[in-house]
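In the two complexes that follow, chain A is the common piece, with chain B as its partner first and chain C second.
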Partner chain A sequence: MSYVKGLKCRECGKEYPKEPLHVCEYCFGPLEVNYDYEKIKRAVSRDIISKRQPNMWRYRELLPIDGEPAVGFDVGYTPLIRAKNLAKALGVKELYLKNDAVNYPTLSFKDRVVAVAISKALEFDFKVVACASTGNLANSVAANAAACGMESYVFIPYDLEQTKILGTLVYGTNLVAIKGNYDEVNRLCSEIAGKYGWAFVNINIRPYYAEGSKAFGYEIAEQMGWKLPKHIVVPMAGGSLITKIWKAFKEFHKLGLIDNLGTKVYGAQATGCAPITTAVKEGAELIKPVKPNTIAKSLAIGNPADGFYAARVMRESGGWGEDVSDEEIIESIRLLAETEGIFTETAGGVTLGVTRKLIEQGRIPRDESIVVSITGNGLKTQEALAGRLTVSMTIDAKLSDFDELLKKQNKVYDAKD
Partner chain B sequence: MAIKVRIPTPLRKLTNGKDEVIGEGKNVKELINNIETQYPGLKERICEEDGKIRRFVNIYVNDEDIRFKNSIDTELKDSDEVSIIPAIAGGKF
Partner chain C sequence: MKKRFYLTYPKELIKEPLIYQVGKLYNVITNIRQATVSDNIGLVAIELDGESGDIEKALNYFAEKGVKVEPIELDVVE
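For the complex of A and B:
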């Protein structure tokens, strides 16, 4: 059963049929899925949703596929963790981590968007699926395409982290490395999408694809007991996730699934690629593209497609945008690991780093609920920590050597009787 | 003063299929007004009602985004080349 009426231009409102289109032919604005909310309201309730399987499809009426999902059946419903140790370290009362570092199957929030995009691509009868990616999307498209037997093409900047490259190639995709940065990859892919009849998940399938991110927001609301946090911090690359989390909260409110809106939404970027937070800080209407230079490669998009809307969400919700240096990113990756036992990738370091900064600045109060969005897994960006963590204790396999080691470190433990 | 303006595919219906037209103007704003007189209908596709460039249209002068220069007031000189490019230049564009 379909709850989608068609597509609609976010800028001029012109309506389009349900097709693989993403740009308004009149004003060039982005197209967005247009739902029949009246019909959805009759179909969902807290009770109905909470009885469903613990995956993202429990919100399927609010996701833009008409039939059953074709891939990624177990995606989503990742843990929302009450982070007491980290809260103590930051001096705040109520802190949560939404942990998509353990999303299924490729350990990032991109598994959500790809599950929707590939299911939709199959509904449109595409044979080849493709993407332009900074890494996580590459992993997810390659894996999910393999899982449903589709041919795939993945385009990446040539200098991505090795783990992200291997973690894409292993699925047997056609990986094409482009000598350029993400913005150049994206521009080329737009041309390829125009020439070949492929489903580019983040180009011609983008209106459907992007909706998958909403489930990150629905889950937070449900996991908090059908209410919203006072503050949420979200990493930004193209700026889509932050707009979709905000949309998810608004939809839940519109459908009566939560009683109050009132979450302040904060966007996080790396200082070496901060076109959106810069616009927010300067109060600028336009996003000025930049040339990225940061270890947070998954966020290194200098010309963010949804930057304008992301900035608007921060302004509209009463939030703010902030950015952190590479050094702060690494410190935050380590802090999260040491306090909560969660190893996040550089993007997570950006998000936590910005959260810390906003708390210190007094923009996020210490006595209200805060959610930090952890969107990717640290095992994929280990290079960022290269040379920072080394094995300092190497000894021969002798008890006396170990005793000596403890002695050298002035550590005293009682021997058991 | 002649300035070459590259027209993207979706706007060529308005320029009788031409992918390049010649316009005049001291700055981008004047240039847009000038090509509008030659090819009516072009301006409303590029600009909002108040004259500002539409959010999802990018204009380049000699391959440099005018957002990095003086936006719509970016000055032009003879033989400059201007390109109009949809921001999300994908799909059939």
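For the complex of A and C:
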């Protein structure tokens, strides 16, 4: 059963049929999925959703596929953790981590959007799925395409690190490395998407693809006991995730699944690529493109497609935008790992770093509930920590050497007898 | 052929009639669909209609002048 009426332009409001379209023919604005909320309201309730399997398809009426999902059956419903150790370290009362570092199958929130995009692509009868990516999206498209037997193409800049290439190549995708600077690679990918009849997940399937991110927000609301946190901090690359989390909260409120909509939404970027937070801080309507220079590669989008809308969410919700240096990113990755045993990628370091900054600035009060969005796994960006962590305790294979080591460190432990 | 782009003008070029110039120099039909100008940036969503080679020349002209030319989807390499 379909709950999607069609597509609608986010700028001029012109409506389009449910097709693989992404740009308004009139104003060139981006298109968005338009749902029949009256029909959805009759189909869902807290009780109905609660009894479903613990994956993101439990919110299927609010996702833009008409039939059964074709891939990613176990995606989503990742843990929402009450982070007591980290809360203590930050001096706050109620802190949660939404942990998509353990999302299925490729350990980032991109598995949500890709599962929707590929399911929709198959509904549209596409035979080939594609994306242009430098990391998480590439992994997810390659893996999910393999899982449902679809042919896939992944386009990457030719100078991408070897470790990232392996994490995509292993799934047997057609990986194409493109020579050229970022703008040239970017434009070529757009042209390929325009020329070939493929499902380019973040181009011609983008309106459907982006909706997958909403499940991140639905899950937070449900896992908090059908209520929202007072504050949520979200990393921003293209700016889509933050807009979809806000949309998810508003939809749950509209459907009566939660009582209040009082969350302030904060966007996080790296200082080396902060076009959206800069616009928020300066009160500017327009997003000024930048040339990225940060270790947070998964957030390094200089001219974000949804930047304008992301800034609007922060303003509308009463939140704010902030950014942190590479040094602060590393510190926060380590803090999260040392306090909660969660190893996040650089984007998570950005989000936690910004959360710390906002708390210190007094923008986020210490006695209200806060959710920090962790969107990817640290095992994928280990190079960011290269040289930062070294083995400081090396000994010969002798018990006496170990005894000596403990003594030097002034550590005293009782021997068994 | 028709192609769609986003042009980002830096502050110092906002007053320059570059769209008029590419139409005149390279025989492309320029069709503005959306535009916003603030005190330090100008954004234009534009369609260029013409021969493939002429569109390429027009894009190079914009780039040489310092205007950032991007696909209408903006950054798609995620």
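We take it that the second predicted complex is superposed on the first by the 405 of 417 C-alpha atoms of A that agree within 3 Å, B and C clash if a C-alpha of one lies under 4 Å from a C-alpha of the other, contacts with A are read in each partner's own complex, and residues count from 1 in each chain.
By definition in this document, a residue touches a chain if its C-beta (ideal position, glycine included) is under 8 Å from a C-beta of that chain, and two chains touch if they have at least 3 such contacts.
Worth saying up front: this structure is predicted, and the values here are computed from it rather than measured.
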item	value
Touching partner for A:134 - first (chain B), second (chain C), both, neither	second
Which partner reaches more residues of chain A (counting touched residues only), chain B or chain C	C
Partner chain in contact with A:301 - chain B first, chain C second, else both or neither	second
Contacts of A:187 with chain B and chain C, given as first, second, both or neither	both
First (chain B), second (chain C), both or neither touched by A:28	both
First (chain B), second (chain C), both or neither touched by A:44	neither
Chain B versus chain C as contact partner of A:284, first or second or both or neither	second
Contacts of A:87 with chain B and chain C, given as first, second, both or neither	neither
On chain A, the residue positions that both chain B and chain C contact, one per complex	11, 22-23, 26-29, 187, 189-190, 193, 200, 203, 286, 288-289, 305
Residues of chain A defined as touching chain C within the complex	11, 22-23, 26-29, 131-134, 136-137, 155, 157, 182-183, 185-187, 189-191, 193, 200, 202-203, 206, 237-238, 284-286, 288-289, 301-305
Contacting residues of chain B [partner chain A, same complex]	10, 45, 54-57, 65, 67-68, 86-93
Contact footprint of chain B on chain A as seen in their complex	11, 21-30, 187, 189-190, 193-194, 200, 203-204, 286, 288-289, 305, 308
Chain C - residues contacting chain A, complex	4, 8, 33-34, 36, 38, 40-41, 43, 45, 47, 68-78
